[in-house]
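To start, the structure under review is shown below, and the notes come after it.
For reference, chains read A, B and C in written order, and residue numbers begin at 1 within each chain.
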Amino acid sequence: MANNKSFSEDLDKIREKSPLVHSITNYVVMNFTANTLLAIGASPVMAHAPEEMEEMVSISSALVLNIGTLSNKWIESMHIAGKTAKKQGKPVVLDPVGAGATSMRTRSAHELLDEIKPEIIRGNASEILAVAKSRVSTKGVESTLDAEEAVEIAKELAAKTGSVISISGKTDFITDGENIETVEGGDPLMGRITGTGCAASVLTAAFASVNKNYFMAATKAMMAMGAAGEAAAREADAPGTFQIKFIDALYKLDL
Amino acid sequence: MANNKSFSEDLDKIREKSPLVHSITNYVVMNFTANTLLAIGASPVMAHAPEEMEEMVSISSALVLNIGTLSNKWIESMHIAGKTAKKQGKPVVLDPVGAGATSMRTRSAHELLDEIKPEIIRGNASEILAVAKSRVSTKGVESTLDAEEAVEIAKELAAKTGSVISISGKTDFITDGENIETVEGGDPLMGRITGTGCAASVLTAAFASVNKNYFMAATKAMMAMGAAGEAAAREADAPGTFQIKFIDALYKLDL
Amino acid sequence: MANNKSFSEDLDKIREKSPLVHSITNYVVMNFTANTLLAIGASPVMAHAPEEMEEMVSISSALVLNIGTLSNKWIESMHIAGKTAKKQGKPVVLDPVGAGATSMRTRSAHELLDEIKPEIIRGNASEILAVAKSRVSTKGVESTLDAEEAVEIAKELAAKTGSVISISGKTDFITDGENIETVEGGDPLMGRITGTGCAASVLTAAFASVNKNYFMAATKAMMAMGAAGEAAAREADAPGTFQIKFIDALYKLDL
């Protein structure tokens, strides 16, 4: 299980190596997730032109595919980037933002899952359930919306796909298909700013770039989120200030 | 006339129902307006792919069309989304950012006005005048730049189109073609951060999603802006801090 | 050499005239650079549709071309906007973000350099070196990564192209091909938030819009960055707060 010592070791590695994390992500959160990566000690790059995907992935240490503001062009770039990352043995984190909300998002998430086989999928319970649908036989996929119930479905999805699944919520659940890790922490204000989930995904990529045990990497990223969220909440009683203090807390993080 | 009691009732409804507001908006303000909606208690979604417009509108309670960073593709999506919203009886707020600055913007605003017939148009005086041009016979459209003079033109535009017109400025004016409501408040620092007008538009959509009297909804949104702006200004003497305190103030709003 | 008096005069002109600066820039920093311009007293506009480039440039006082999140469509718009600005005698600032990282970026930077001949190019040392490659004969282009060594290459590039070159780093170097100006100041936290370089580019455009001596304008923009960075660092010990205080400091700037 992830403990504070191994967490600190990986955090130190991020701060020392400053791994470049390439995100193809949604417009809404780009500034916030770039600052999230810089605060933890990693380096962000955002690029989406198909013409530069291979080169950009080649100089990066991890890739984030976030479908929050999709277009067909960007999906195409996600596939090119994803395939390049896999060929080069670099971890891919899929954030299926809004999967289940529209068929384009659900289908895009499924296609990325099937063709790229991301090392880690990070989403909230309903997004993970949308991804699991038609991939998992477990009853309850249709109706379950509770993170704790969703974790069994996620476990089956992880076992079937080989992807580590990270479900964020009041309690976070991370599973590799065999084991389940839980992470407590955070604060309700995290749900009152946009991009907290997306921030969790880029931190997951940062930890995955320094730890090939992706189950541990995904867990540690959620530990970082939880600790920073709690620290921020001690200094903020409203979401504007919270967002700023959250970035500060990631920078000062020392579990 | 909107008073504090009816304002509080609508604010409570937003906080209770957390209506999903779908924005097709400009890149510059997406993070800020998403956080604006979360702060007031609503839920934001941003999506622009034509393929998912109908589904996204179908799960939303209101739609914002903001032409701040236009492209032909996005205009196409705005029309699809707008028509879907109208078919489903969901309020559409048009924010004609920069109408008058380029012919593409003026034309796009006119086409959205004519084809979608938005429930509410919110802009500053010069944008509203640009929209009114060739739609309104009142003299002075060519030269007027003062909000107080613009309101008569806006009133005629509202009467002719059936859209409620909301003009933001030092004093805000809202008209349904018969009545004119004025809202005082705010602070000059609101003009020193980007996206204040766009924030007013998404708040207008949030209030319109809980109050079918769109004249009242538009007025209450400007009351929220004014009150939050004043509260933020009490804690900030410069625009960086102001932006943060404005979000905090919306969250804490209790007229 | 730039002194505090001439700096203050140009700053006053920006605050008085509020020049409109048109940016075609990357998605990540749009909100931050728009707020940077508003804080210093200028006005931002972002637009990228080829159809409105000529009109938008016509009402603007300066143009920023930033290749941070490129696509072929946007490059096309950059060329239209750049040519229009040159025809109208308006200063163009090129920010070759990530030049050297991918061949698409390097090629785009070279094409913009050759075809638009920007008045000022602002980047970090490695970006400037990537732009200089194949344009400058000086040995060391291949390997040099140090700002102080890069400045000689930049000087040759400036002499050959006629563009003022502004290299940001711990010490900033500005050269017109004959003279070299250095600017100290700033803070390491500037490297821990995204968009500091992009902010320097829009400030460079703002100063260039009020001072036709582009060597001086570029220098003064870096003086503003340095002074605001130092002021922000006095009030912040982490990057979230730093970003906010940096905007505040630009607003309060009074060297």
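Just so we're on the same page, contacts are C-beta pairs under 8 Å (C-beta built on N, C-alpha and C of every residue); 3 or more make two chains touch, one makes a residue touch a chain.
Model, not experiment: these values are computed from the prediction.
Taken together, the touching pairs cover every possible pairing of the chains. Residues touching across the chain A-chain C interface largely differ between the two copies, under half of the numbers being common to both.
Taking CA atoms, the transformation carrying chain B onto chain C includes a rotation by 120°, reported to the nearest 5. Chain A and chain C have Cα centroids lying 33 Å from one another. Within chain B, contacts with two or more other chains are made by residues 27, 31, 243-244. Of all residues in chain B, only 26-29, 31-32, 68-72, 98, 101-105, 191-195, 237-241, 243-244 touch chain C in the complex they form. Touching chain B in their complex are the following residues of chain C: 27, 30-31, 34-35, 38-39, 44-49, 51-52, 55-56, 59, 243-249, 251-252.
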